[in-house]
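Each of the two complexes below includes subunit A, the first together with subunit B, the second together with subunit C.
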Partner chain A sequence: MELELIFRIAAIGILLSIVNSILEKSDKKELIPLANLTGIIIVIIMLVPHIREFFDTIKTIFLF
Partner chain B sequence: MFLKIAGSIIVLAGCTMFGYFLSSNLSERPAELRKLIGHFQMFENSICYLTELLYEAFGKISKTCDDAVTGIFKDTVSNLSNAEMPASLAWERAVKKNINRTSLIKEDESILISFGKMLGNSDLDGQLKNIRLTIGQLEIQVKKAEEKRKKSELMFRRLGILVGSAIVIILI
Partner chain C sequence: MEIMQIVGIGLLAAFIAVILKPVKPEISIQVSIAAGIIIFIMLIGKISSVVKLLETYNKKANIDMVYFSTLLKIVGIAYISEFAAEICKDAGESAIASKIELGGKVIIVVLAIPIVTSLLDLIIDIMP
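Let's look at the complex of A and B:
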């Protein structure tokens, strides 16, 4: 498992928290859920190949 | 590796500049509205105390400075002298031609156009009242624009930088 991926996700999390605080300061609270959702989707897209890999590994263990 | 660094710097710089561009648009609008108010006060002066004609007054205003807002007055003068059209139509066409070069929004445009509807079809008193009404409306717009600028100017700058760095992180 590469460490790079974890760092990338952590960086996105930090950026999102900064974006949240900026949006809250400038009275655009309605945009906060949108920003969070975007972040989550980006992270999930990054994780999809690894999740697939994980299921494949499980399959090879239990179902030959 | 070098290509990656160069690319991320370019993306970051581009997003930052886009944020600065948006925020500069926001801070230009109140200045332009103030300039318009100044022009209207000048117009009021020249038809009330100097008893000048419409195109003389507009010509004088258009010579005071050279930007998109003043271009409205300039184009009205040229519309009036080149083509035979009523003052209201000349003003409306000039507004529609120049509004895209300014940072003014739809609301400001509709105020300006409704000013033009009364232009040149009533006596001096009616004209003065119309000008004062427009100045009052523009002052309200200035207040609104200032409020908006205070709220969003910093946000656009910071969001530009942040979105740029987010793109860099995702693509690296």
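Let's look at the complex of A and C:
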């Protein structure tokens, strides 16, 4: 049921690598680190609510 | 059963992480974090039922709630620090992983102090 999250992250990763190779071919090499950064930030933004939910459930279960 | 789902998700996430490793190592770490979170969220129901069972027997034997809650906190801290340390090891940062484990151990010792002191007081009272 949460597989969709893993597939989305994988898709972003593969998309990023395609964008990198495109940028390389069209010799805009300086944009590559930028594209990498934006991709990683997108993935982090997607993961943060899940991590927060993870920590909240641990707090409730283990009576923190 | 549940175990089939867990194994399926785990293998799938490992497969995707291996695919992304050479291309985008940063994203492969995110995949392993996401897989760990998903598998834990699937297990919540079972863990909380075990905790509730222990809690009811704790009340029946009217043991003080402090001991049980500290015990649970220690288990929680151990789980979280192990979770983070393993992810750091996967990412190749074993130095950070050992720091996280050190932090976990220190916090567990600090949490265990009140129980140890009550035990020592008891022993001192018993001694002639």
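By our rule, the second predicted complex is superposed on the first by the 62 of 64 C-alpha atoms of A that agree within 3 Å, B and C clash if a C-alpha of one lies under 4 Å from a C-alpha of the other, contacts with A are read in each partner's own complex, and residues count from 1 in each chain.
In this section, contacts are C-beta pairs under 8 Å (C-beta built on N, C-alpha and C of every residue); 3 or more make two chains touch, one makes a residue touch a chain.
As the structure is a computational prediction, the values presented were derived from the model and not from experiment.
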Have a look and say if subunit B or subunit C is in touch with more residues of subunit A. C
Partner chain(s) touched by A:17 [first = subunit B, second = subunit C, both, neither]: second
Touch test for A:6: subunit B only (first), subunit C only (second), both, or neither? second
Does subunit B (first) or subunit C (second) touch A:25, or do both, or does neither? first
Does subunit B (first) or subunit C (second) touch A:62, or do both, or does neither? second
Have a look at where A:40 lands relative to subunit B and subunit C in the superposition and call it first, second, both or neither. second
Indicate the residue numbers of subunit A shared between its subunit B interface and its subunit C interface, in ascending order. 12
Could you please specify the touching residues of subunit B with respect to subunit A in the complex? 151-152, 154-155, 158-159, 162, 165-166, 169-170, 172
Can you name the residues of subunit A that touch subunit C in the complex? 2-3, 5-6, 9-10, 12-14, 16-17, 36, 39-40, 43-44, 47, 50-51, 53-54, 57-58, 61-64
The residues of subunit C that touch subunit A in their complex are 9, 12-13, 16, 19-20, 23-24, 26-28, 30-31, 33-35, 37-38, 40-42, 44, 47-48, 51, 69, 72-73, 75-77, 79-80
Report the residues of subunit A in contact with subunit B in the complex, numbered from low to high. 8, 11-12, 15, 18-19, 22-23, 25-28, 42, 46
